[in-house]
């Protein structure tokens, strides 16, 4: 039966990669529905994302692709399957709510396994959508102990990505290491401006004329992970920092949802501390 | 000696085109520096732009490419060469001036052969840059007669593109036909809003909150040609239409220069009444 | 007891209006918290929005203001009170959902009285928020008969504004007349481009590089009412019209919510077929 | 004879300021053409810009205004007069060229007294516009000695503002102090991101998806002065840092020219380390 798959390859650049890879598809009589490549010349690294349709066995295709690309290649052949996500949140509903509405609409492209929060504020909203809500308070707990509880809860689920929908706690290296390239965060500034706490207050103090939002993969370095999407909103002297925060929420939720959509469609490669997005 | 060329192909879509074309490059031991493709599924049309380096004869490469793609294919192998443009203008200096500054800076990527205008206003500016300025007044002349004089002047030059840098006259089908896909215009609205005369006045009357600019290839249908680039600028109730015009000028010049840059880099394919831009 | 009110005045322009109006506030010992004026010179019309705090009787203040401004003045002294809205929708959830999440969050600045829809699709979503949902099918009914049923339902409620959250039916002049300057619509293009049905398909056919959304008051002329807010989203040749529609949804919901917020804060004056927004 | 003036007032906020100031205009039978105020509640500071027309003596008006506002008030009554600017540049022509074209067009709203540069590269361009060009090389000179020469040259001219059109040298506190709130700079990033040298390289290394430009008044703290205008440009993984630089130039020149225009129209108040812009 005819199948469809997304083929993602990244490897050291070499002569003839497009030819060799497209030959594999051609020889197997696969249709290329969509194809994009990029070569990072500075890192000498090749990236390719192809959507193929036809008759194929995933493992055979994988093996054959392996035989034509450099040894260091990272190859994925991804068949259509609804991905699963776990959401972490705190008290704010805008980013979470945007994802919930898309989910209900069938527009999210993922199943939401659960929402975990360090406050109980969002329970009512989440449970209205029949999604499990786990309240794990952090009060009186060390960061490590609280996080261990969160991880224990997370690990009850199978999932592809963890989405921090305004989760206002810093993650430890242990947590980050446990889910490599799987954690997506929304930071409420156009990074690298206003790293750290309360970016809107920082923006207000600095008197900027634009504020922004940044969705990125989480790495050990706070607010330093590979950026997936960014957007900005104009502000002026009439904005208090609360006004900036209010205006910024729209940017935050749209940028997070856009980044999540790109990731769920397997359009995002991590390239060192950057991303390649097709 | 090693050469570099841009290879542009557009043709009916068919199975294996990426493979077949990349095989030609591979067999000739050419390096692919940059490669982008697109398939317009609705029109069943394939577009590809590849930058290759290596040892090759242009005609041989062209012949070999022809042998692997559908008969209707339009193939260009373009070697590095500074393109030439002719500018048409009227009285306003912003779009023209932006191109002149880029030209002087070596940033334009083209030689300016001359400026032709239906007013003498811009002579001083143009001649400061040692560029021939031809004043061809339209007063008391029929459109046809005036245009014949303009064409006569234009045809003194060899050039790749005619750029209408706020040339405020409508071209006849005869003119348009003489330079197919070679005429680039900047229209001072985000088309298709405000087609025709004085778009800023129209925008003011309508009370819009954004104004824009559109660079497009000129076809017989006024303001209906394939769009290359567009941008917008926010406005509000405090803007008179003159204010909109003033604010809009920045958009116009940037959009025209950006479109021109894309065209000069051979990044723009015309696809029916649309463009494909790599 | 100290009170707070928004004072909105629009009238024929005349010398000394700012002085005379601010004198009323000064003589009554009211604080001006915020003050903005605008004079439309073309229409010779004055607009002013002032937030005052202090001790005052609304009717007395109103009378005194009347005595210092031209006879045609439209004066409102609005005390803080949560406004009420009625939502009309069809099948799409994004614009409606965005308003629901803001409502639940306490961020909307209005109470939602009910949602009325010509399809039953959104019932589940709406009822999860404990908001009355009225399904009034249009099938087999003339526009007039269906609308009469909708109006009958609407008139069960008291409300300040009717918000068309992607209500995909054209309203008759009778309906529009019944709720003057009270109906807010979101149109899925940057008006006046792509008036009428399926703007995304129109945008796709035209090959534009930006798409947009426009929130406006509804008047008798379809898509011609005073514009409150607009925004745009960049697109390119890779977008099908379905992709444009998907991308455009974010713009639509943000623009509608932003327009609604401005209206609910009494920041929007209608000025002929335009708006003045403070 | 009827005159026109811009009245700019900033002072500690107090009750009745709008009333008292507009009373002065009313009593003198002056027309208010345009009026905007703002109160910075955090700093308890009042800002007002009014355009008045009528019969008045500037000094008398000034005295009368002084008598109704707090003692700390900074009042300016500015009659129409073409302002004068001095430009500092290095090698790049885009920002300088944009200003030159506007100047030639009569669109700048200022006379250019001269261009001073630490390289001779731009001489040809500048002299084509009949503007004095002073080349003051910095090679083999200490910062202090070079700057003393620049100041000596500057002080040959009378001027209102010094515009740094991509002047790639850091100014000493002595220089900054000599021209308080008179020096406008364009920084090639959306500050406070990428302070310091080569922001595009920094942006490239960080993998951002937007780059920007910031026009600001120069203060002692490098890149920390009050921001006048900012804008951003989208980029992606295909951009080298040279591409970012090229794309960023358009933003730089537009932002600088926009900021300069606001300043020349006396629309910009400095408020601590921020600006209030009417």
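Every chain is named by a letter (A, B, C and D) in the order it is written, and numbering of its residues begins at 1.
Here is the rule we use: a residue touches a chain if its C-beta (ideal position, glycine included) is under 8 Å from a C-beta of that chain, and two chains touch if they have at least 3 such contacts.
From a predicted model like this one, the values you see are computed outputs, not experimental measurements.
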In contact with subunit A and subunit D alike are the chains B, C
By Cα centroid distance, the chain farthest from subunit D is A
Between subunit B and subunit C, the Cα-mean centres are separated in Å by 41
Taking each chain's mean CA coordinate, subunit B and subunit D are separated, in whole Å, by 35
Multi-partner residues in subunit D (2 or more other chains touched) are none
The residues of subunit C that touch subunit A in their complex are 93-94, 97-98, 100-102, 104-105, 107, 124-125, 128-129, 246, 250, 254, 257-258
In the complex, the residues of subunit C that touch subunit D are 15-16, 18-20, 22-23, 25-26, 29, 31-37, 39, 234
Within the complex, subunit A is touched by subunit D residues 38, 40-42, 190-194, 206-210, 212, 226-232, 236-238, 240, 271, 273-277
